[in-house]
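Chains: A, B, C and D, in written order; residue numbering restarts at 1 for each.
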Amino acid sequence: MTLAMDKAALAAFLTRDFPQVAADFALERADPAGVTLRLRVASRHLRPGGTVSGPAMFALADVAMYLAILSRIGPEALAVTTNAAMDFLRKPEAGADLLAETRLLKLGRRLAVGDVLVFSEGKPDPVARAGMTYALPQAPRGG
Amino acid sequence: MTLAMDKAALAAFLTRDFPQVAADFALERADPAGVTLRLRVASRHLRPGGTVSGPAMFALADVAMYLAILSRIGPEALAVTTNAAMDFLRKPEAGADLLAETRLLKLGRRLAVGDVLVFSEGKPDPVARAGMTYALPQAPRGG
Amino acid sequence: MTLAMDKAALAAFLTRDFPQVAADFALERADPAGVTLRLRVASRHLRPGGTVSGPAMFALADVAMYLAILSRIGPEALAVTTNAAMDFLRKPEAGADLLAETRLLKLGRRLAVGDVLVFSEGKPDPVARAGMTYALPQAPRGG
Amino acid sequence: MTLAMDKAALAAFLTRDFPQVAADFALERADPAGVTLRLRVASRHLRPGGTVSGPAMFALADVAMYLAILSRIGPEALAVTTNAAMDFLRKPEAGADLLAETRLLKLGRRLAVGDVLVFSEGKPDPVARAGMTYALPQAPRGG
């Protein structure tokens, strides 16, 4: 399978279309199985006690899955998040970046559904899991 | 029913314990039925097209429900978000603040569960709904 | 607002189109604010200890919201459940029926979203909450 | 890792403690990675059009994850489902059994969290995904 957008194209898209948050993220991997996105944890992402805030983890999961969808359908798309369900499993490590790994479960004509595991870098157990649904634009698509 | 923390106490708690985000929010109401929390929408909350970002709405819902729980159990508590499920229903109005209204469904010994509706100020239909679950500290509590 | 299907029409639809489960349910109310649906609790709905099973509560919430959507868009529709998020809050009363109360949050062209509270009959605190999303058929609809 | 309950012990537990539904299910696999549970699809699980009902898929996911938790903590436990989030992705195949594959994401002192993929037998793409949370009894446990 050829990706509609490869890693370089996705990174350029992120910088251009999400200028408010692009500096928070680094795209580590994009291939047919999904993407790995890094949250460069900084003080603005933290809560008392040094833990990463829930909204920062939500943003990481949302951007990661958005890029995974674009990698398959291309940049003309305007996917909109319609549902997000997150389980917060463990306290993230202080001082470690977070890594999100995506898994696309469905890419339909109207809806895309996937889930994301979020890890503290270097740790095997996930700190959060997110299930995300996106409504897709309804221009006809090949395939 | 008397609240364990009233509106002034909750507002002071927000300022002191969440200095990174307190300026984003204004507590409009706190009574036995729940709280109303305002997100003062600023450019850092926006996405392309002028809409409020998903993570900003998530943060609003999470802080609102957290304050609603504290209003009942007091500031010694350290509630931790364990699950959040959000439906994004409509595009928020550009240039309008968001208001979150909480509803506490369960306040048990170990878990608190509630939901939140988020509105663009002045509009009747919600832009988002969130269901939130919190693990509660297990010190014995009266009542 | 006039309903596309009133209480009698919805009850007839339930009997005709869901013969496997229609006997489990009784429609108590249908008006513009939503529907109230009763689960006639029987031994097949129970788990050890006399509590109503999770799947039985899920079925109640799903059928209730489905009828609430049909009351607005009419019987030609073929809504499909795409997402369900349930919080199980309290153990249902043994020997009591369950009542589901719907709230429709969005009725769009492509998606309908609502939530449901489930009560043991005669008790004020909900035993479960469900958020439900349905994909709608895309025939043009007035209004 | 040694399981607290192996496949035979789990199957016996299912038969004894869930007599109402045990005949619906067959445990295909139980190992440290999780369990595979089969729903023997019968007419009582179907909806108009021959598709498996949402509640039947919910029951399959719930029982599968419950058994996966018991395989780790043993039969004395009384885990209670507190949250379930399901995405219905594709219409199940008519005439095919369903298979649920579990993944345990967290086994804490108080909460267990996992997710489940549901497949029509012989097909590679999942028909549903469920995220499940269980409250655990709080007797001290080793490890």
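To be clear about the criterion, contacts are C-beta pairs under 8 Å (C-beta built on N, C-alpha and C of every residue); 3 or more make two chains touch, one makes a residue touch a chain.
Predicted model, so just to flag it, every value in this text is computed and none were measured.
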- request: By the contact definition above, name the pair with the higher C-beta contact count: B-D or A-D.
  value: A-D
Field: Equivalent interface positions on chain B and chain C, same or different at half
entry: same
Field: Geometric centre distance via CA averages, chain B-chain A, whole Å
entry: 24
CA centroid of chain A to CA centroid of chain D, Å: 28
Message: Taking the mean of the C-alpha atoms as each chain's centre, how many Å separate chain B from chain D?
response: 33
Query: Touching two or more other chains, which residues of chain A qualify?
result: 82-83, 85, 87, 133
For the chain D and chain A complex, residues of the former touching the latter: 85, 87, 89-90, 105-106, 113, 115, 117, 125-126, 129, 131, 133
Message: Under the stated contact criterion, what part of chain C meets chain A in this complex?
response: 82-83, 85, 110-111, 133, 135
Statement: Note: in the complex, chain C contacts chain D through residues 17-18, 20, 43-44, 46-48, 53-56, 58-59, 62, 80-88
